[in-house]
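For reference, the structures are reproduced in the following blocks.
Paired with subunit B in one complex and with subunit C in the other, subunit A is shared by the two complexes that follow.
And now, the complex of A and B:
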């Protein structure tokens, strides 16, 4: 099967006052039709920048190299209009904060079907009906009334549903969700994640989920891509990675989550995530790594397969279980 | 008066003497004003009759979703919001009724750690200024000639380099800024620390560092924590007891292990079932209870039981009679059908 999205050796650099900052440094992964892939990392890991590059949402001045192909169409180095033409029809994105993505002065229903009117020439009356249908699908109660309301009249969970309805309007094959539930309460998070799972099942839509929440990943993702300091450190089927992690960063993250009631003391990762403007040499994780040896300071480990799935560590054989 | 459980329980948490903090029937409300004349046209009861006891040296976790009133509860206990009714008794003194001078003296023993350390630290002040400010206001805690030594000790205690005392907040990472916030909170040697979402804004790896620090401080300084969080996994890790708040009222309260193993209130059950597990394939979790809709507006709470509009078990009685928080089964729950 051909992947929907193929990212190869993606690099994104920004020119700043402090020189050139490399936010994404050689990232590769695939998203296949109908699957959920989680891109996981902490702040500064480059997970959001990676997906912004895919969507053509990077700020002006960002230097992008490598390759992003969507169903065989190369997007890197092509005019943004090429990506834009795919957005909506093929690709859609939802964000952490739905309020900042909704226009406060337009009715929610109108925003949901804006693309249908603009790009498919749908008439307003038909679009309103379609908006009610979409709102029904994403579980917004009383859609006939709420279609004419404004974003501020919606709660956080309902706004995120409205965003999902907007993303679904053009029936995309791939939905990119950037921290879609981070701003939401846990019961609402459960509703949204269940909704996304059901859409994936009914429409065969693929989902690229950007998140820092390892619990959400475990529940939702078929495969996981772990990022640190702009690079992929480990990737594989979620369950396999969680049970047999091969990178010290993955191991540290999993041990940092207070999940097991019997654990008296958490085992955090020492130190702080690095500043992307001044990354450590060799393996960027080595200053925080309890497995680090001299080689890690000088030689950057490549992503290579050890026991089933790829990880980027000189000592991956000794990590995990 | 709400019947409260005895401050000791069979789970082995040894408790002696009266509670350090005792909250009874606390109500905190805010006026709703008309847009034109600013007349008061109603009140939002953000905290609507909350009672609990917190023994010295223990941690009480308060969990709830947005709109549950958990932050207002914290702010009322620490004195940043005014109680409209009820009492907040700290070490034998009712802070809602005591003379202002007495309250001021007592407030020193109650400090707060905020969610966003960047918003709660003045960016124009150095760490030294931020921490010693408290000693300036309460000059009898640390004599001035001891300030540099005390500051160095305090910074080392929270895991910061004492050599960085003259840096500004923006020169620190998020986790380090929270450590500054913690240093500030413990500078006056308080007995009770209100932690309002102290790790929610931090990356996972940093969260664990700060949680461990809070635990060490509790052990070394004998601190008592009122720990507010929306993150149930975090609360499970730090709290001795947990109270679940819904629309301004406690719906269930129990020792941590008990509430996580056998929640009796339908809201607690739904809340716990919604928490994503790290390795769901290792356990046979019951089918998650997905609640319909959102938390209603506290300006217009449902009659009777406030949870009934979203409750899978609601019956006619729930709309009429508000269930009291009384022991049903092994611990207090506010549901007609709990236990």
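And now, the complex of A and C:
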């Protein structure tokens, strides 16, 4: 089967006052039709920048190289209008903070169906009906009333549901969700994740889930891509990575997932995420790694398959179990 | 809502009282005797004294002020000593011409200002942005009467493409409206530019892009509607200077409006007309600002004037 989205050796650099900063450095992964891929990492790991590159949302001045193909169409090095034409009915995206992602001065219903009106020439009255339908689908109560309300009249969870309704309007094949639950209450988080899972089931769309929370990933994702300092450090089927992780960073993340059975076992990863402007030499994770040896300081480990799935660690055989 | 309106009304009356009082004081402080102006330099002192008595000018200032306040409260503004007839009537007769000029100036300033602001913000720190920034700085620091004279010189005198004075055709409004609107244009340009740049990183603009809509839709209406919120506030405030500016501009371009009548009446010491004119301008200013406040809720739904947030 052909992947929907194929990312190869993607590099994104930003020119800053302190020189060029590499935010994404040689990232490769695929998303196949109907599957859920989780892209996991701390803030600054490059996970969001990767997906912004896919959606053509990077700020002006970002240098992108490598390859992003969507159903065979190369997007890197092409005008942003090529990507724009795919956005909406092929690719859709929802963002971390649902309040700032909705325009405060337009009615929610109008924003949900704006693409249908502007790109497919749907009439306003029909669009309003469609908005009510979509809002019903994502579980917004009293949609006939709320369709005419403004974003500030919605709660956080309802705003994210409205964002999801907006993304569904054009029936995309791939939905990119950038930390869709981070700004929400824990109970609402679970509802939104359940909604995304059920929509994926019913519509058969693929989901690329960007998150820093491995706890969210376990139930939702078919495969995970773990990123650290702009690079993929480990990737594979979710269950396999959980049960036999091969990278110390993954191990650390798994240990820091709250487990209701044993709260005392919560182990944070020591140290701070690295500054992308001055990455450590060798393996970028070595200053925080309890497995680190001299070789890790000088030689960057390539992504290579050890026991089933790829990881980038000199000592991957000794990590995990 | 009702309580808010009542508070605003009380405040408006206070503002009007201030305008009424300032124009009264200023007119009396300026040298020049209306009776003398009316009768001419050859009049006998006895005639002047008689006219002064007839006009109530021989009474103490405070008594004059008291009479004046009472008259204004009864909407009685006295007669024009120069033109005859009701002073406010004379002003109202010329108000449509002034309104036409002011409206043309505001439309010019807002449309061109938004256009320039969008152009400047679309490429911040580019050559175009810098040129626009210098342009707005220059016109903001140019006195309007001078700008008017320069425009007259270029377009009416040298190029002979536009008429220099009067109000005979639609072309007559162009030069005075541009002159009157220049300062406002600069302000709208700067506010639009800074407003757009301030929201240019807002996530909701990326939402529009993620829907596959073009950069044009990102700017109009998504960004501009948010960036214009401060501009709307300023339109209300700036209308005061636009109306005040008509006094100078109408004189420069011989535009037959209320502003020119006020300017002429100052020369003739026609107190009643000047007072009526200034009070009317102040009243228009107050009403427009009230309207802008009430209309604020339309452009920004998060603002609900005088209502409790739910």
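By definition in this document, the second predicted complex is superposed on the first by the 313 of 321 C-alpha atoms of A that agree within 3 Å, B and C clash if a C-alpha of one lies under 4 Å from a C-alpha of the other, contacts with A are read in each partner's own complex, and residues count from 1 in each chain.
To be clear about the criterion, contacts are C-beta pairs under 8 Å (C-beta built on N, C-alpha and C of every residue); 3 or more make two chains touch, one makes a residue touch a chain.
It should be emphasised that the depicted structure is a prediction, and the values quoted were computed from it without experimental measurement.
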### Message
Looking at A:239, would you say it contacts subunit B, subunit C, both, or neither? Reply first, second, both or neither.
### Response
first
### Message
If you tally the residues of subunit A touched by each partner, is the higher count for subunit B or for subunit C?
### Response
B
### Message
Between subunit B and subunit C, whom does A:123 touch in the aligned arrangement: first, second, both, or neither?
### Response
neither
### Message
With both complexes overlaid on chain A, does A:215 touch subunit B (first), subunit C (second), both or neither?
### Response
first
### First (subunit B), second (subunit C), both or neither touched by A:256
first
### Message
Looking at A:18 after the superposition, I want to know if it touches subunit B, subunit C, both of them or none. Which is it: first, second, both, neither?
### Response
neither
### Message
With the touch criterion stated at the top, can you tell me which subunit A residues are shared between the subunit B interface and the subunit C interface?
### Response
none
### Query
Which residues of subunit C touch subunit A in their complex?
201-204, 206-214, 217, 221-222, 225-226, 229, 299-302, 310
### Summary
In the complex, subunit A touches subunit B at residues 42-43, 141, 155-158, 185-191, 193-194, 212-216, 218-219, 239, 242-243, 252-261, 263, 265-270, 272-273
### Interface residues, subunit B side, partner subunit A - complex
65-66, 173-176, 203-209, 211-212, 215, 230-234, 236-237, 257, 260, 270-271, 273-281, 288, 290-291, 293-295
### Interface residues, subunit A side, partner subunit C - complex
55-57, 59, 81, 84-89, 91-93, 95-97, 100-106, 111, 114-115, 118-119, 150, 152-153, 163, 166-167, 170
